[in-house]
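In what comes next, chain A is part of two complexes: it sits with chain B in the first one and with chain C in the second one.
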Partner chain A sequence: MAVIEAIATTYLELDAATVTFSSLGTYDHLQVRASLRGSSATVTTHFHMRPNGDTTGLNFFDWMEGYGSTDWSDGRFTSYPYQNLYEMPMGAHDASAYATWVIDFPDYRSTTKTTTFNYIRGMQGITGAYGTPTGSSGPSQVMMGQGVYNSALALTSFELLCSTGSFARGSTFTVYGIQDS
Partner chain B sequence: MAVWTHIAHDSLSLPASSVTWSSIPTDGTYDHLCIKVSARSDYSGYYDHMAIRFNGDSSSLYSSTMVEAYNLVPVSGRNTSAGQAQNLYGLTAASVLANTFGVCEIWIPHYANTANFKSLIQRGSNPNNSGTDTQWIMAMNASLYESTSAISSIYLAPARAGVAVDDFIALSTFDLYGITGA
Partner chain C sequence: MADPAYIVDGVLTDGEAWVALASTEVTGATAANVTLTSPDDGSSTDWSQFMDLVLICYAQLYGASYSANNAAFGCKINSGSSASTANQTLMGDGSSASANLETFTDGRFRWTDGAADGTLDTEVFSASVVQFFDINSGKYKSVLAQSASDFDGAGSVTLNGITWQSQDPIKSLYLYSWSGGISGWSVGTRFDLFGVLPRMVA
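And then the complex of A and B:
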């Protein structure tokens, strides 16, 4: 058995509001690689995740970001019903621009540890500068983020969804399992 | 041949001040190394950070640059002529939410070559259930080891107040992978 295996890949042939991975295997660590775009024409869409489908406000997250001439970070996000992995391009940005995430979940099957993860995220566009056309941010951002899901349950599934609208056609998600033998 | 090979796994059943892997092949078996850590220290504060040494070398051959965030303004820092690559975040400590361990990944490219100095790139996370400044932190680190020796051993230790002053607590896990090119 290989050390790293692709558990599942979802490629969206049509817009989809949610994508769920519910068979995460028995690996040591997980990694998710995603290439995403929101379906909304005018509203900046955030990428949300619900570990174990849980909506009970056990999620805490932070990030640091650069978007051209400045940068910022924030960790004031506590007791949310989802993890927010931040923005993806929308309709008013470049038609074929997708944002990229690499998300790592170490020791995700532990039943003692809380579920923690971190990620890097980037999106680079040409059309639509910061603050335009709507929403808080433009299409050019690079980010590192992290979160904790305050549950000692093993991570057995996660639901991926949008803050508004859907993931656009062409968005892809692949979940990898990494093991020690 | 597999692209990824698992070289070593340490899962602590008792606290330990360091983790060392030795006899890492330097004969071309692997091209790169990757380390994944899920660890927490016994320091009483909110976060610790790690140091890494190669080949048991603690001479002043290491330098590191970091970008990190623990409030609304990310900052960058660096240190030079150190006895270890340091300020590798991703090591939570005792005041963080119970049972919450850090997230740390370290890549060491071309670790076995004997022509160039060795470098690493790392990202580490210390998430928490608090949104208060300095009670969470995340960082990326690039470090240089000014040696052309192939890396055959790796030493990891908490390093907040000096190397190996604090302990990794039980349940901390450390995995070393060898990555092979085509």
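And then the complex of A and C:
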């Protein structure tokens, strides 16, 4: 078995409301690499994740962000029915703008530990009011964040979705398995 | 010309998803700059087959008369490009956090204030990982860089998010000193470049 193997890649040729990965193999760790854009023409779109498809409020998360000259540390968000990994470009942004994530899930198959992941994210500039952006020429965003799925169940799947609308055509997701030996 | 490792006896397979493309270590004398370039020959290391690139850096800049402990590491994508870049920084220095946005129109960006051998211990290097996404797509190219530097009594940890506003594929990376008064990368500096493949077999 390869040390780092691409388990699955989804390239969206059409907009899609959800993307689910449900065959995560028997690796030691997972990494997800994503390049995403939302389909909404007017509304800020966030990237949400439901570990094991669970919607019962077991998700906790925090993040720190650089946004123009502002450094923000925010959280703790508790007992959410999803993980929020924050914004992606949408209709108000340049058509070629996509946000990118690297998300790491260590020891995802453990049945005695909760699932904690960390991620980094970058996104092109945004202008206009929060929630209803109007353009791409404003401050960019860079973020590091973490989330806890407060269950000792092994992570066997995750559902990816948008806070509004769909993932736009051209969005890509790849899940990698990392083997220690 | 050898087939890529993911083609076995003419059949497409999914093997190692990370492929070592280049490894450069500065030896003997400082190097004014380092350029990593796709061979563009259809070989197993041609960048046109990869989804992402990951650049692992352990680097220090050198200037005999340079008096500061730290200097910025610079990169130009596809040298000669006139694409704009927007570079968002988030940095912590041990006592406070700060953020900054800067833009340029010649395809360049900097990703850390790294170690420089001015008054610093010559053995101190900065560690960073720079990731280039969807390098062959028609999207603007996104870059994420994580860096860690020690300045002998101070230090910094930095996260940069860069948008290179071009739909061109990435074919070369020119690595240089952003700061003036620097003669180049110190001996011992190394850059290792990996190509990241997607899943290819259903």
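Note that the second predicted complex is superposed on the first by the 167 of 181 C-alpha atoms of A that agree within 3 Å, B and C clash if a C-alpha of one lies under 4 Å from a C-alpha of the other, contacts with A are read in each partner's own complex, and residues count from 1 in each chain.
Throughout what follows, a residue touches a chain if its C-beta (ideal position, glycine included) is under 8 Å from a C-beta of that chain, and two chains touch if they have at least 3 such contacts.
Remember, it's a predicted structure, so these values are computed and weren't measured experimentally.
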Return fit or clash for chain B versus chain C, each positioned on chain A through the superposition. clash
On the A-aligned overlay, A:I4 touches which partner chain: chain B = first, chain C = second, or both, or neither? both
Tell me which partner A:R121 touches in the superposition: chain B (first), chain C (second), both or neither. second
Output check: A:D104 vs chain B and chain C. Expected answer is one of first, second, both, neither. What do you get? first
Looking at A:S73, would you say it contacts chain B, chain C, both, or neither? Reply first, second, both or neither. both
In the superposed arrangement, which partner chain does A:N84 touch: chain B (first), chain C (second), both, or neither? neither
Does chain B (first) or chain C (second) touch A:S96, or do both, or does neither? second
Touching partner for A:S163 - first (chain B), second (chain C), both, neither: neither
Residues of chain A at both interfaces, chain B in one complex, chain C in the other: 2-4, 64, 66, 71, 73, 120, 144
Counting only contacts in the complex, chain C reaches chain A at residues 14-18, 51-52, 86-91, 97-101, 131, 133-134, 137-140, 142-144, 146, 159-163, 165, 167, 196-200
For chain B, which residues are in contact with chain A within the complex? 2-6, 9, 36-38, 67-74, 90, 97-105, 123-131, 133, 135-136, 138, 140, 171, 173, 175, 177
Which residues of chain A touch chain B in their complex? 2-4, 28-29, 60-64, 66, 71-79, 104, 106-107, 110, 112-114, 116-118, 120, 144-148, 150, 152, 178-181
What part of chain A is in contact with chain C in the complex they form? 2-9, 11, 33, 35, 64-71, 73, 94, 96-100, 102, 120-125, 139-144, 170, 172, 174, 176
